[in-house]
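Structures are listed in the sections that come next.
Below are two complexes that have chain A in common, paired first with chain B and then with chain C.
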Partner chain A sequence: MTATTRTRFWTAATRIFELSFGEMLWSRRTIFMALVVGGPVLLAIAARFAAVNGSVRMRVNGVGLGSDDVFGMMIWLLFLRFSVPVLGVFYGTALIADEVEDKTITYLFTRPIPRAAVLIGKYLAYLACTTLVVLPAVTIIYFALVPLAQVPASFGQLLEDLGILALGLAVYGALFALMGASLKRPLITGLVFAFGWEQVALLVPGYLRQFTVVYHLQALFPHAMPSGRAVSLQAVFRDTSSPVTSVCWLLAMMGACLALAARAVERREYVLEQ
Partner chain B sequence: MHEQAAVVVSRHLSKWYGQVSGLNDVSVAIPPGVTGLLGPNGAGKSTFMKLITGQLAPSAGSVRVLGEPIWGNPALYARIGFCPDQDAFYDRMTGLEWLDALVRLNGFAPDAARTAAMRALEAVELLDAAGKKIGAYSKGMRQRVKLAQAIVHDPELLILDEPLNGMDAIMRRKTIRMIRDWARAGKSVLVSSHILYEIESMTSNVLLINNGRILAEGNVHQIRDLIDEHPHTVFVRAEDPRALGRHLLAEDDVLSLRFEGGAVIVETARPDAFYTRLTRMAASGEAGVIEEVTSPDDNLQAVFKYLVKQ
Partner chain C sequence: MTRRTRRFVLISASVLIVGIGTGLIASYFGLRTLTFGGNGTEELAYIPHDAALVAFVDVRRVMDSELRRRIQPLRPGARLNDGRDFLTRTGINIETDIDLMVAALPPGGASDRRPLVLARGRFDRVRIEGLMRERDGGAEDYRGARLLTSVEGDQRFAVAFVEPGLVAFGPVADVRRAIDTKSAEGDSMTGNLEMMALIRDMDAGDAWAAGRWDAMTAAGGLPQGFANQMPAITWFAATGRIGSGIEGALRAEASTDEAATDLRETIRGFMALARLQTRQRAALSTLIDSLQLGGEGRTVSVAFMFPADTIDALAALQGP
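After this line comes the complex of A and B, so read on.
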């Protein structure tokens, strides 16, 4: 790819991003996203009220949980293990499929731009759309759960969490974009991958877990886990790769998936139903 | 037709969808100017259109557009404008926003894109509705904005798949005139339809397609007489169907007439005279507002059966 071709490609991808972002943000899928992300926010607000009233204190194995422990648990269980893969599946697999289903793909594929630029532009729109909803929601949860006095000490950790969530959305999005571009029933395959393969592979000793996204995300996760005293999440799963290795794996997965998805879109015929 | 001068050349072009054949061994050279692609639904028109617009890859054979292969060659779309048959849009966008966004994909700068979008909307007489959401457009307006996106970048070759569907009589006439004007301005147009009289009003150069094969190519007038022997059905949706029916029965070009919902279904033995009269009535408003004119596909199906037998 020459420098001029590269510039044209990214200009086209930017135009597609501009065209798709508003459409994606105001789609019915965003209501679904608001429900997925809004649940934990409501939960956090309820927990805050309970803490203020002193009525409930969460305990695990008899050990009382601090607010940042609860925050860490919510981020891990509700976001990284659930919301992020779910959003990745539902948005990622639909990047091209939605346009095909709505029969609007013709307008994009009959313009002088590479088809791959359409995919990349839509992928960027997905990323902007989901991070714009997920990251503020997590920030609200943080401020709902963590007392103001503890904010200066833990704010850096929040930023790390936000970075990991954005990376998770990027990698899952790319992976499911590849499924969407290559498979006939990507949604089912995506759900099986996220909630079948990823769960099972994580429990199997050996190298298989390296081929999951969640394994690498957990290596980056900074929070102490609520079993005993300050046992890190990494210790729960015993072996994790180093954060640097995991970031490299995740970026490589994302790059490879996007490249393969772009190739699939370039070569595939999309037959619109009459 | 010399292939070098042709705007579209296909050689032994075939397309299969699994076991189903969409197009079968089609070899044609479409000359510059206006060419009509005429055939009933399911004849292979849309498959042919999708192949020559690079949306589908040939299963066998080859297709070249403006001298270049089209599949996997997006740069060629800068020279082609395509109006698809499907009624699909980004409904939340306004007509102007949509055209502006699409023409920017052609590499237009923001100011040039806005100017081109306005010019295209003006050409299809949608300037007044430029700021209105496409979701709120009528069927005829949607057809027109679809046409506008095909011409917005001023292409050399226009490929129009059933562009007159859903338009009222007046807009049909204007669109036909517009297509003829484009041809006069040196553009080439390939337009598909299942209505002979529409095609005939734009060009005398036709390709007849049925069952995925080109049955004939050349001058439409040669088959005209044969076709006229067949009664032609026209579906006219109107504000006041009964008033329209009364007006229509005043002349002997109507064989029979019945009402269905808000429409009149007319059988005519002289479609040419009938369409001329209908257009005049729509323009004068003497029989109220005529909202939509369509011709059911079985007209042409019957004609093709007849032609194949010949």
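After this line comes the complex of A and C, so read on.
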């Protein structure tokens, strides 16, 4: 790829990004995203009120949870294990599939721009759209749950969480963009992957779990669940790889999926149903 | 990009930037010292300005800490008694009901005088009142707060529900004075600049204490002979973070630079002696090696860090 071609590619991707970002943000999916992300925010605010009133205290196996423990659990259960894959599936698979379904892909592909730029532009729009919703929500949850006095002790973990969530959204988005670009029913396949394969592979001993995204995200997760409990939610997933290895795996997955998705978009002939 | 899209981006980015900015400021510049709601700052409004000693414990963090879980099996008898007397007397279970506690000793307190304690948590008022009444207690309203009193020996004690989720207990006169102090009829600890400066330096810990040295010796915290031989100290403070181990610092303000130098030399001597005596015991040796003597001018400080491994090794030394 020459410098001129590269410049043209990125100019095209930027134009597609600008076009898609607004469309994506104000689509019906945003209502779904608001529910997925807004739920934990309301839950955190309610937990804060309960803590202030002293009416409720969260316990696991009789051991009380600190506010940063509750925050860690919320990020792990509600975001890493649910919201991030779900947003990845719903937005990632729709990047190309929606255009095919709406029969508008012809308008994009007949423009004098590389087809891969369409995918990359839409992928960047997905990334901007989801991170601009998820990361501020997580920040609000953090400040709702963690008293200001405990912020210095746990703020580093928030920054790590934000980084992990952004990376998770990027990897899941790339993976499901590949599915959206190559498969006929990407949404179902994506849901089976996120809530079937990923869950099962994590429980199977051996190397299979390395081929899941969540295993590597888990390795980066900075929160330790309160230990000493008979049943720790994270105990099942304690066998993780090193953070550096996991970051490498995740970046490799993202790069490979995006490259394959771009290749699929370039080569595949999309037949629009009449 | 449409105007509403641009507005959305602006709002989202602002939330993120404000959140991260607040966190950074809180982390690096100690925002909590400027705000209320930190480690016992709100409760300090009940403590009279002339209290000789103030202490804070994040009970929840300590109770839930890995360290406590490690230590508990080593002292099974103590575990059974932990807070049992207090529970019987007041109906408050320290392990489950209390999140944080602030305690204060009034000036000139005798060694047997009980401190004023403010505890934040969840309290069953009906049960507590019932228990107090069973012990020939009385109840009255004092400046809008429910005051339950009981007699133990020759002293009268009180438990007062001063705010939702906040109780004050201790000698009746001290509890009443705490309520008066909050009602702005007396000066609170937040107006005592010397103590507040000490507290601000210490309140990063899960537990801290700050006070006048003479109060410590009067309260029987040190053997009289030892206290008399110490260089002249005016203020002292201690703080600790409790996780799987303990990390903390002790600080003393001497009355003069010379007294501070003497104190440093004394501590250095003790450390050298301890190092000599613990050379054969790796666990104790690690403990002594973790001590770091510091401070300048009139300030003398000792920082220490006991990691979980050291505590396990000490427990092993103690035997089953």
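In this section, the second predicted complex is superposed on the first by the 264 of 274 C-alpha atoms of A that agree within 3 Å, B and C clash if a C-alpha of one lies under 4 Å from a C-alpha of the other, contacts with A are read in each partner's own complex, and residues count from 1 in each chain.
To be clear about the criterion, contacts are C-beta pairs under 8 Å (C-beta built on N, C-alpha and C of every residue); 3 or more make two chains touch, one makes a residue touch a chain.
Because the structure is predicted, anything quoted here is derived from the model rather than measured.
Peer 1: On chain A, do chain B and chain C fit together or clash when superposed?
Peer 2: Fit: chain B and chain C sit side by side once superposed on chain A.
Peer 1: In the overlaid three-chain picture, which partner chain does A:132 touch, first (chain B) or second (chain C), both, or neither?
Peer 2: After superposing on A, A:132 lies in contact with chain C but is clear of chain B.
Peer 1: Between chain B (first) and chain C (second), which does A:26 come into contact with in this model arrangement: first, second, both, or neither?
Peer 2: both
Peer 1: Just chain B (first), just chain C (second), both, or neither: which does A:108 touch?
Peer 2: Only chain B is touched by A:108; chain C is not.
Peer 1: Going by the contact rule set out at the top, does A:269 touch chain B (first), chain C (second), both, or neither?
Peer 2: Once the two structures are laid over each other on A, A:269 reaches chain B alone.
Peer 1: Could you say whether A:152 touches chain B, chain C, both of them, or neither, answering first, second, both or neither?
Peer 2: A:152 sits against chain C, while chain B stays out of touch.
Peer 1: In this superposition, which partner touches a larger number of chain A residues, chain B or chain C?
Peer 2: Residues of chain A touched, chain B against chain C: more for C.
Peer 1: How wide is the angle at the Cα centre of chain A, looking out to the Cα centres of chain B and chain C, in steps of 10 degrees?
Peer 2: Rounded to the nearest ten degrees, it is 150.
Peer 1: If you stack the two complexes on chain A, which partner ends up touching A:18: first (chain B), second (chain C), both, or neither?
Peer 2: both
Peer 1: For A:4, using the defined touch cut-off, is the partner it touches chain B, chain C, both, or neither? Pick first, second, both or neither.
Peer 2: Touch status of A:4: no partner.
Peer 1: In the superposition described above, what is the shortest C-alpha distance between chain B and chain C in Å? Please give a whole number.
Peer 2: For chain B and chain C in the superposition, the minimum C-alpha gap reads 8 Å.
Peer 1: Which residues would you name on chain A as touching chain B in one complex and chain C in the other?
Peer 2: After superposing on chain A, chain A residues 18, 22, 26 contact both chain B and chain C.
Peer 1: Any idea which chain C residues touch chain A in the complex?
Peer 2: Chain C residues touching chain A: 1-2, 4-5, 8-9, 12-13, 15-16, 19-20, 22-24, 26-27, 30-32, 35, 37-39, 41, 60-61, 63-64, 66, 69, 96, 99, 120-123, 164-165, 203-204, 241.
Peer 1: If we count contacts the way the header does, which residues on chain B are in touch with chain A in the complex?
Peer 2: The touching residues are 17, 46, 53-57, 72, 74-78, 80, 82, 84, 86, 88-90, 92-93, 101-102, 104-107, 149.
Peer 1: Which residues of chain A touch chain B in the complex?
Peer 2: Listed in rising order, the residues are 8, 11-12, 15-16, 18-19, 22-23, 26, 102-104, 106-115, 266, 269-272, 274.
Peer 1: Within their complex, state which residues of chain A touch chain C.
Peer 2: 18, 21-22, 25-26, 52-55, 57, 63-66, 128, 132-133, 135-136, 139-140, 142-143, 147-149, 151-153, 155-156, 158-159, 162, 226-228
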